[in-house]
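Across the two complexes that follow, chain A remains constant while its partner is chain B and subsequently chain C.
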Partner chain A sequence: MSRSTAIAAGLGPAAAEQSAAAGPRRAPGWRGPKLRKKTELTILLAPALILFVGFVLVPIVIAAYYSFYSWSGYGPLNDYIGLRNYSYAFQDPAFIHAIEHTLMLTVASVVIQGPLAISIALLLNRKFVGRGFLRTVVFAPYVLPPAVTGVMWSLILQPGGFADQVLKSFGLGGLVQLWLANVHIVLGTVFVVLTWQYLGFGIVLLLAGLQNIPKELKEAAEIDGASPWQVTRRITLPLLAPTVRIWGFITIIGSLQIFDIVWILTEGGPANASGTISTYMYLEGVQSTDFGFASAIAVILFAFCFVFALFYQRFALRRDTRGAITRAVG
Partner chain B sequence: MAAITQTAGPGPGSGFADRYPLRRWTVMPATYLLAIVAFGLTVVPLLFVVVDGFRTNGDINSSPAGWPHPWVAGNYTSILTSAPFWEFLGNSALIATVATALTLVLGSMAALALSQYEFRGREFFYTVFVAGLLFPLGVGALPLYLLLQRLGLLDNQFGVAIPEAAFALPLTMIILRPFLRAIPGELQDAAMVDGAGRFRFFLQILLPLAKPALITVGLLAFVTSWNQYLLPLLVLQTSSHFTLPLGTYTFQTQYSQNDAGIMAFTAMAMLPALGVFVFAQRYIVAGAAGAVKG
Partner chain C sequence: MRSSRALAAVAVAVATATAVAACSSGSSSSSSSTSTTSGASSSSSASASTSAGTAAKVTLTWWNNATNQPLLGVYTSAIKGFEAAHPNVTITNVPIQNELLQDTKIPLALEGNNPPNIYQQWGGGVLGQQVASGKVVNITSDVSSWISGISGASGWQANGQQYGVPVDLHVVGFWYRKDIFKKVGITVPTTLTQLESDDTKLRAAGYAPIAVGSKDRWPDAFWWEYFALRDCPQATVTSAIKSESFSASCFATASTDMAAFLKTNPFQTGFLGTSSQQGAGSSAGMVASGKAAMELQGDWDPSVMEGVSTNKGLSSELGWFPFPQTPGSAGSQTAVLGGGDGYSCTGSTAQAQACAEFLQYLDSPSVQAQIVGPGASGEPVVTSESKAITLPATQTAAAYFKTASYEELYFDTALPTKPGQNLDTAIANYFSSPNSGNAAAIANSPQTP
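And now, the complex of A and B:
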């Protein structure tokens, strides 16, 4: 399997479909006896539809319903409390901080990891010895279970541990901190670990995007006397923009729901200094067996992702997707 | 910023490079330097965990950043000869396999329906699936817990695998449907002329042609399931049902004094993912790129 066919699996047909959607339909479709067609369609479509509706859409409706109750997870659902779960959440400073931390991690992921990934991808987008190997190495953290990454970094970052020793051996002992116990630093530490896990994915994704840019365009610009900077600025980056926007979507949706690495590094602590919406939900809802409250937080988290995705689709991805998702929800 | 300005353009030897002679002397060294830094930052933490797994706890405490002295294999052998590690591994494999199989079978059936048939509501059904992208599993985990409790599927591996398959469907549809639609219609006519029935055409011609897309979809489903943490954490309660990520953190909290043991366990937990998935890199990237594009 060559690289190009694999990329085609993701990119080619998508483009092909866009053009097909504009013109007349390619395939007339099967036109058999009506009953037979209906039966076939049902057999093919119903299982996936039932699975999807039952396990993706129905649960959020159930959660929305439970969020109006005070419920410990057992027994009948009879303690209706209206919107009190929601009002309690928004009056709890820990939850407000959790929202702030989630948004800070999300913004930092885009603003810091984005330019970093683009710069590294640009610099690595040239022939050099060991490029394929390096790409594989850089990608490796992305395929590790984040929970296991979290355990690894908690070992590296423990007081007097490997990270501290390395700093000391470089004469930077003064920089040593209580990486996971200092309330002023912990969120930054979490962000560094997140970057370690996810930056490689961005780099490899952007490298794939760079390789899809036709060489002729750059060569033509160079023949016309464009400087390297002008070629990058006017040709490469604009043509890379769709890939950057896709990376942005994946990164933001991922950051908004971030749970595993934060939970394992800090459990949201110390003193809620690194809690996110998801860890707050687990700590205050699940561990405190207040499932009505946990449902309310889940609904709020859902709303965050939903609103973001709508805006992103409408304003950033619009040119790339022709509103594949906006069409879905209005 | 200087590095970025230097990046575009063809290799040395062209007239372009002659016009910017500085490039040849700055870009390649910068590239190699960056390559080495990126390599080091990625590999050193991994190596640290693997190597420390060969040390004793006393050795680790006396010098946290040193080489093993002496090298001991006991941490690894005691993990490899104990039941929990293999149970976690088996559970992860079971759940990921079931989730992947469900995703592939149901996903390709639905993609066939939405690509090879003309019917009212086809685009509506497609958009319903696509809308699922707005709703990642991390957000759905708690609602799923409530549903699984009602269904009596708590503490059951299938209670993890089935929802994972459901959440993998949007990406599956987005990758598969355009791929199936892009296959030329003449093939279908030729198959009919040769007397092939519809399902035979699907099974023997269409799906084999869609193999690259199916591999991408299957690998994405498998990796996503393998790495999932929140859903198994909520659903699985007996430790003999735990997945590998769940088991790793449990091991850490249970044996918090045994650093060397935790290192070895963590290293072993990373091995399957590193060994298999790194080679799946191109498919994962292609799938991710296709995800939002469709």
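And now, the complex of A and C:
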């Protein structure tokens, strides 16, 4: 402790001296700092900018370009069909179902995972024996790669598998279903697995948000005679709101694009009953090598996410990002 | 070694023929012989210069899906054998996981400027699509001297030209557990009615009669396609694939027959969610572990079962029988569904020529015997080498294969990729709910945009 303060004290004046010495020397040149700032910006931003343009913007433009062609991936790009890929997409019941499934998963993620994550985070924010262990356990599924999760759950959920055995051993054999083979419940099964995987992420994010709420506020409220519920309702939750909004953003974008777990669990089946926009895109693009059509799907998905992101930034995240986004936009 | 001697003999023969043709006065017969040998003469001069040791170095990259033994070892030693006979040729073997290879790497490579010189494909309409890239070399003249001895080679043609060569063939049929059949007291069915009564007995004895991996969709397609082969004359099947439409009434009959069969509840519980090859819960795993008595699959199935099961005595318990007959229906009762693994060539003329020579080497009897030998799967393209097959069930399949009235390529491969995938999806949907709307969807599936 004492040594670290000594070092801090030793460093402090030296640093201050340095900056003081640097200050006046630069002051006379008017253009100097501006030029320096520009150079700095260029050097620091260029790599990120090049990567962003090369790996994000250019592919989006190329995908949009491909989407106007009927193109199998072989041979030249010469069969221009205008917007027909888009009209085909919206005429295909499988794609309409894929949109429905994607939206259902997205809404369910927010409506069910949200309150669950908040309540578990509030619980885990209290002091009790084994809290650290429980936090680790809750976060553990998120650490698994989604592919591993998919394979593991497809084994657990196979007919007569672990899930069925557990239900039977509790005398709940009547609840046993064909989890992945029944077209009516397969989407629900997929959602449960998604929740298992991603709930931990929400909890950890919200726990971090809870750490940032000053204790003094709660203490003051308690001194004023607020009940624990009132403290949670009036102090904790409002102050947690920015974190919840960020969690919502990540969850919704993630749900709109969900692919890996769904693909491994069901490949979008049976009979498209669990297909999402991304699995549909993969089927059409990679398996059917209809790259023009799949590009159109990609553009539609991009448009979905982009429009959502803009609206969310504008209306939900506005307070959190004031000065960063809002000023640039406005 | 044997093949290089054969090659030298061919070279001499061709050179003599050309010389004779050049000397003779231009009668009609000699001019035709000139035209047939003109394509081959370039290869003869090349192989002649090879033996003279003046040929330029040729480097070939070989993409295949032989990531596991024993085929990996067979391919590695084939490269060694070929390089020893052709000192100017170097082949780099690049085994790539199957789905990655077929779905992603090959399409992208054929779009790029440096595709692999030898790459694996399954022939049919997909090969036709690949040919459209302009990168696949027409090797008709390079293989004309020996291709007639290769079974199934016509499946690797596009526009009547040879754009690839098969190195092994596959046949789809029933892989069944002899021990379970014996225990339940049933025999191998020859008609669909017998199969259905066997199923009833198997279910009564507590077994899932037939396992199917519907999650992957293509195993469902095997079923519907076999019903189509039984219900439709060969000409109808051929023209349906060529015109990419299954609107002929016999295909509707096939759908109806399929629905009637599905009604007998022949498959394992929850078959719509079962994968075909992954893990003990897959359809192959269920047969291997004795939960199911049989499954309709290609002849790679025994090796898949071995991979997902700990049952050491499996190979002796496994039997094979063809898809049952449906007496009275319009199609061939002994037609088989199948396919094979083949290779195509890309690159410069010298590379394509070396590639064709390498494919000839792979199709030589000694290498064929290794390709279908112990632990491997499939039938040889040189029928005499089916004696090298060690697994009794596969031997049965190979013997039947020789007597089949004809072999039809899996429909999803015979069609171009998208119509083929549409067909698989439509059939899988029909499996999930066999109603008239889904049957109509099968008929139109290849046409779906």
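Here is the rule we use: the second predicted complex is superposed on the first by the 274 of 330 C-alpha atoms of A that agree within 3 Å, B and C clash if a C-alpha of one lies under 4 Å from a C-alpha of the other, contacts with A are read in each partner's own complex, and residues count from 1 in each chain.
Throughout what follows, a contact is a pair of C-beta atoms (placed from the backbone, for glycine too) under 8 Å apart; a residue touches a chain by one contact, two chains touch by 3 or more.
Every value quoted in this text rests on a predicted model; they were computed, and no experiment measured them.
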Which superposed partner A:G161 touches (first chain B, second chain C, both, neither): both
Partner chain(s) touched by A:S119 [first = chain B, second = chain C, both, neither]: first
Which of chain B and chain C A:L205 touches, first, second, both or neither: first
Partner chain(s) touched by A:Y88 [first = chain B, second = chain C, both, neither]: second
Which of chain B and chain C A:S227 touches, first, second, both or neither: first
A:N272 touches, of chain B and chain C: first, second, both or neither? second
Contacts of A:G254 with chain B and chain C, given as first, second, both or neither: first
Partner chain(s) touched by A:L283 [first = chain B, second = chain C, both, neither]: second
Touching partner for A:V143 - first (chain B), second (chain C), both, neither: first
Residues of chain A contacting chain B in one complex and chain C in the other: 73, 154-155, 160-161, 286
Residues of chain A touching chain C in the complex: 72-75, 84, 88, 92, 94, 154-155, 158-161, 178-183, 186, 266-267, 269-273, 283, 286-290, 293
Residues of chain C touching chain A in the complex: 103-104, 107-108, 110-111, 129-130, 132-134, 214-217, 268-275, 279, 281, 416-418, 421-422, 425, 428-429, 431-433, 448-449
Chain A-facing residues of chain B, complex: 3-11, 14, 16, 20, 23, 27-28, 30-32, 34-35, 38-39, 41-43, 45-46, 48-49, 52, 63-65, 102, 106-107, 109-110, 112-114, 116-119, 125, 127-136, 138-147, 149-150, 162-163, 165-167, 169-170, 174-175, 177-182, 185, 188, 198, 212-213, 215-216, 223, 226-227, 229-230, 233-234, 244-246, 248-249, 252, 259, 262-263, 266, 269-270, 273-274, 277-294
